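What follows is a single structure, and I will ask about it in a moment.
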Amino acid sequence: MQEQLINRAKELLADGTVVRVLGWRRGDMDYNPEVAYFNSADELNDFVYNGFCGANLSKYMIEASKLEGRTLVFLKPCDTYSFNQLLTEHRVDRDKAYIIGVGCRGKLDIEKIKAQGITGITGITGTPDAVKVSTIYGDFDIACKDIRLERCHVCKGKEHRVYDELIGESADTRDADRMAGVEAIEAMSPEEKFAFFRAELSKCIRCNACRNVCPACSCRKCVFDSTKFDSAQKANTTSFEEKMFHIIRAFHVAGRCTDCGECSRVCPQGIPLHLFNRKFIKDINELYGDYQAGESADQRAPLVSYTFEDAEPGIVSERGSK
Amino acid sequence: MSNVSKTERQAAMIREISGANPAKCMKCGKCSATCPAFDEMDIKPHQFVSYVQDGNIEALAASKSLWKCLSCFACIERCPRNVKPAKLIDAARQIVEREKGGDYLSPDEIPALLDPELPQQLLVSAFRRYRR
Amino acid sequence: MQRIGVFVCHCGSNIAATVDVKKVVEMAAREPSVVHAEDYPYMCSEAGQAKIAQAVAEKGLTGIVVCSCSPRMHEATFRKAAERAGINPFMVEIANIREHCSWIHKNIEEGTEKAIILARAAIAKVNLNAPLFPGESRVTKRALVIGGGIAGIQSALDIADAGYEVDIVEKTPSIGGRMAQLDKTFPTLDCSACILTPKMVEAAAHEKIRIYTYSEVEKISGFVGDFTVDIRKKARSIDATKCTGCGVCQEKCHSKKSLSEFNRGLGTRSAIYTPFAQAIPNVPVIDREACIKFKTGKCGVCAKVCAAGAIDYEQKDEIITEKYGAIVVATGFDTIKLDKYDEYAYNQSKDVITSLELERVMNAAGPTKGHLERLSDGKHPEHIVFVQCVGSRCSDERGKPYCSKICCMYTAKHAMLIRDKYPDVKVTVFYIDVRTPGKNFDEFYRRAVEEYGVNYIKGQVGKVAPQPDGSLLVQASDLLDNKQIKLKADMVVLATAIEPDPSVRPLATMLTASIDTNNFLTEAHPKLRPVESPTAGIFLSGVCQGPKDIPETVAQAGAAAVKAIGLLAKDKLTTNPCTAKADELLCNGCSTCANVCPYGAISYETKLINDHGIREDRRVAVVNNALCQGCGACTVACPSGAMDLQGFSNRQIIAEVDAICR
Amino acid sequence: MPVNEKTGEFTPKIVAFCCNWCSYAGADLAGSSRLAYPAEVKIIRVPCSCRVNPMFILRAFEKGADGVIICGCHPGDCHYSTGNYYARRRMTLLFSMLDYLGVESGRTRVEWVSAAEGVKFSTTMNEFAAKIHELGPNVRLEDLRCKNN
Amino acid sequence: MKYSYYPGCTLKNKAKVLDAYARASALALGFELEEIRDWQCCGGVYPLGSDEIATKLSSVRALADARDHGRELVTLCSACHHVIKRVNDDMQNVADIRTRANNYMQLDTPYTGETNVLHFFEVLRDRVGFDALAKKVVNPLKGKKIGAYYGCLLLRPGEIMAFDDPENPRVMEDFIRALGAEPVVYPYRNECCGGYISLKEKEMATRMTDTIQESASGFGAEMLITACPLCRYNLNMTANGLPVVYFTELLAEALGVKEGIEA
């Protein structure tokens, strides 16, 4: 598929449809491609599209929308939800984007490979269903389904919500219940819940990777960096701050988060941050009706709408800690 | 224990057992207007409320009204203030019955009161209301 | 850095009894930026306000904290005092140490400690206050009066006489309201129609008054000085410009079995009808539910007999949109439903009626042509029993917890009128209390007893039992005699509780006017602003605010009119400067805030922004200060914190939180 | 943990955000009607319940509050028409999140109190304070490093 | 359709016919009353005291049994209905009674008021429907003028019993009409017959039933119907009063299933 994408990108550059290409460029290792702009056919020779291209390019379109001319962007099905959400919020310019919807067979998590005890990786090659990991200790064959990103197990579907053209086949990767993780926590006692989150959040080093990657967290300046709430902070100086930061971050993206899973993917400490966002998604679905942010660009988000019969906040204690 | 504190304790008990608040009464007399046993009572339903309020429990305990109330709930149903006179009366009745010798009905009396048509529930009900 | 002065009020002993004011002064003085702190017995007095001016002059204060009663009482007073002293009025904050502290706590230590904390919170807030400057908005010099009873008519006449245009919206086919249904009025026994109809005519003839009858308010938007109202003019099926009011259509109408609303269902009317003879406008309406033409397509006799050709079966509802500067609510009352009071046999006997029904029975234009007779058999009654407080003063869900206020007097009136006209009729009144405060009221009641021989018995009625002979057995208490009595009566009249007209509930929602648990509209202050709603520009006239009799209603209607005139007399209103404001550097332009703004006050502009040297065109939110009412919904919707509310900023509120939790 | 120095009893800190139009006035009415509720409750006036930012609530907890209650006009009666509807959703979701994090749901509450409901205001505050007493000090959200000791 | 059924003490003794006619009529109307196992006497009167728990337990046991069978609980006798309905309300709404009763009972699943309690009249009105009942009538009771006697127990307190309008009920009149007879409405149909007072204060109770009887006959009733054995007993104390029969007897007669049941 990669060649197909490169060739099409070269065509679009050549005929002037776009002036640059936003995609993934080969990294120093096979498993860490990086997001990059390509301004010429030559540069496109470094373009890659493989199982490790999990990065969601939507958010980069905020900046690309400010540039002269149109940008070609490759969006996987789940990335298109984010793009739509950004469209809703007037953060990206549809006219400045040429979207190629790329097929997706699920993306891979290098941490899961490493978790199998594989070290000294020198290269990874693969077929749609399995990868061959070359290491200084020899080669290993691993089935893709065992090393997929969490989000791919609960994939929203392989349909692109917005695009100009589609390239490549997709394969359904959903094999888990999206809300299972949230439900497991809901079933805990308050003490267990607290212990669980304290253990997870105490790992947070406030590197802001989650915030930086999140397509919904796209504020020009985060409240945690401004003086507006007397809440400016760079690193956690108190035990409370990581809670505050993650609760507020999740609240600010509630109803806007498409559940793209980038926050958990990039967290260097491996905190399952998606569990915050999904809790809001679950509550919203249960209390206000099913809602999928980014499904289309003209929806009214649940936190900016209401019905006369909405549940009262007391429902939280009525439902109790299950 | 002094007499005064016993009265206070009993008045408090009546309030607690009945769950009624005599202070809500506005003395409209609708309970007494509605009571089918009014003529048989020495202390009338509306007075009962005042007696509890005033802590005049001794008089209540000695009152024959205790044994005349039918628990028909007409006073409760029609009371505009939700005072529940019938519950107050029952509570006073219980205070009497819960003390030794307070029962209004003794099993020894029963044979003389029976007749062939008398339904079982009458005995059951009377025992429940007249003894505890 | 602010220079803050703290002034602690004793409010006589209202505060000082449970708050050690000296201690509050001492502790407040230690707070950052506080350069002056003192206490005074009555801060709201001239002398108290002079203390503020003096401290401003001597210490160069930039901010003021007054620890006193609720800001809802004297915030305006102290802001004006500050302004006179040369400080921006919005540099004043109130610590409510009376309603929220001294009045609810008994222990002086507890009260003092809380007062200190409330003072600290206010000081912390003032530290972050910035001067604010009110804007201006225009006033539409026209008033809307909702409800065309005596309250609405009086308010409309008073406003119109002051030279302003007024529209009256009345949901029934005629103005007149409840007063038009009454026979006589207490305590003078004037004929109700005789004193009401001239007012109705005057309103109809007034060049400044437009009357929309058979119409309802459908939608209200805007705010004080600039309301936009949609009025639904229901299809009358009559061309009012052609109708001469001759009445032939009503005579000839084939459908005459509808119950007359005006006669409280005791008589009938035709499908095409005016509610009563003196109706204004004298233009009938067709009740489409009852009209044979509308039900079957046949008939059409009214159109045939109408010489003016005024009948229009095709007429449709019409929506009229108008602008108003002030709105007077005069929606009045109705009697409660008696479904749940059948111990009085209201649904079981035609001879048990409400007092309002008795008004119709006594009235010459009523169902019995003014003859006092039993509705079951037309017989002349020998004994009439009146029952007071039916549904009033009830703490259960059957009735209303309040006293309906008018029943004692109208019952005395009815008893007296009956005894006067029919000396052979015995009249007994059962009462719980006879309440007659008012000029000549108690004298009136005593006349009923002393001169007219009305028999008043203290005690409530427990049951009314219809008897096989058609009489009514009334079982009641005679509390003074400590007896249960049973009286044979021929008619029983129930002094039924009154409640606000049900239309007021949705109307209050449209007006965003607050309403109490009994559906009476809440006044801005129960004593000092009794005819104004807390919602600016809304005025309360008549029973919609609370039970009252005709003279009180007329007085209040006049008062509401004066308040409305006071508003309409202004060309501009100063607007609340506590409005939202977007920080352009932080704004994402995401439109989330605009989605939650109830006033459409937020728009977006693409602007060249210089963000620390980066110059770029950005889509940013702009708040229209004239439209923004300062609710703050946008500030929380905004994820970046770009949107903030002046006077209640994020930092100010957080400072208060910190001070309280310190 | 905040304790009464004399009695050694737990005296919680409770922050009540009250909308200016209904609940603040309801609190005033409770005051003028002398309907007592614990001094532990401190009221912050906001124009509308929709002005209450989750940040304020978390900040209160961070600084040592043991309970936070938000009071506004009854749904349908908001002075600004719709503010309390947004507040209702926001607070429902926030409270649910706090519950999810293991913070007792009794520490947060929303109650609609009209200007005429002085009794309800007082009853609500009494109930809420009793609940907080029952739950004890809030150590889960409090930042213990903010404390002096 | 099957309902759990609570007969009560008197229906097993002095008022056997009330029970027998009801069961036969039920079958004719297409539903079945299955007697709950090991039921105990309800106590005849509702224990009014807020601290009386033990006396409420027999009701709780019956209610929990119906709940375990997933059925509604049907009663016939007004007194049983009153007691069980009110205890059920306590179990739903009074936390203290609920907790303490469950502490006593030690049921596998605590009972919290899940069961719906129906009086036989409510089954006829709300489940069968009076129109459907009228259609099943084979011997219409034409020309009979019948006064319904409700008494107090079925109606009050109205808020809890929620049986009918406590001051102007109509379910029994509708029932009489469905059987083809003519209901006679009289004002004392919801006033007390004297209840348990008749054990020791016969005269007083008789004065009360006299008023009721007089009112009913004054309005032209030829007979009275009741659901309660005690009401029937008391009303019969009035000398030369109207005959008083159980409503189920009339029902069985109208449905043509009366024959063969011993009176």
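Things worth noting here:
A, B, C, D and E are the chain letters, set down in written order, and residue numbers restart from 1 in every chain.
Keep in mind that, in the parts below, contacts are C-beta pairs under 8 Å (C-beta built on N, C-alpha and C of every residue); 3 or more make two chains touch, one makes a residue touch a chain.
As the structure is a prediction and not an experimental result, all values here were calculated from the model.
Touching subunit A and subunit D together: C. Listed by label, the chains that touch subunit A and also subunit C are D. The chain with its Cα centroid farthest from the Cα centroid of subunit A is B.
Two chain pairs are in question, B-C and B-E; the one with more C-beta pairs in contact is B-E. Inter-chain centre distance (subunit C to subunit D, centres taken as mean C-alpha positions): 30 Å.
Inter-chain centre distance (subunit A to subunit E, centres taken as mean C-alpha positions): 66 Å. Distance between chain centres (mean CA atoms), subunit D to subunit E: 49 Å. Subunit A and subunit B have centres, each the mean of its CA atoms, that are 73 Å apart.
Chain contacts: subunit E has residues 167, 191 touching two or more partner chains. Contact with two or more other chains is made by residues 343, 463, 596, 637, 650, 654 of subunit C.
Contact of a single residue of subunit B with at least two other chains is seen at positions 74. All chain pairs that count as touching, in label order, are A-C, A-D, B-C, B-E, C-D, C-E. Of all the residues in subunit E, the ones that touch subunit C in their complex are 165, 167-168, 185, 187-188, 191, 215, 218-220. Of all the residues in subunit A, the ones that touch subunit D in their complex are 182, 185-186, 188, 190-197, 223, 229, 231, 238-241, 243-244, 247-248, 250-251, 254, 276, 279-280, 283-284, 287-288, 302-304, 306-308, 310-317, 320-321. Across the interface of their complex, subunit E is touched by residues 16-19, 36-37, 40, 67-68, 70-74, 76-77, 86-87, 90-91, 94, 104-105, 109, 113, 117-126, 128-130 of subunit B. Residues 339-343, 345, 347-348, 463-468, 473 of subunit C are the ones that touch subunit E when the two sit in their complex.
Of all residues in subunit D, only 13, 15, 21-22, 24-25, 27-28, 30-32, 34-37, 39, 42-48, 50-56, 59-60, 63-65, 73, 76-83, 86, 90, 114-117, 122 touch subunit C in the complex they form.
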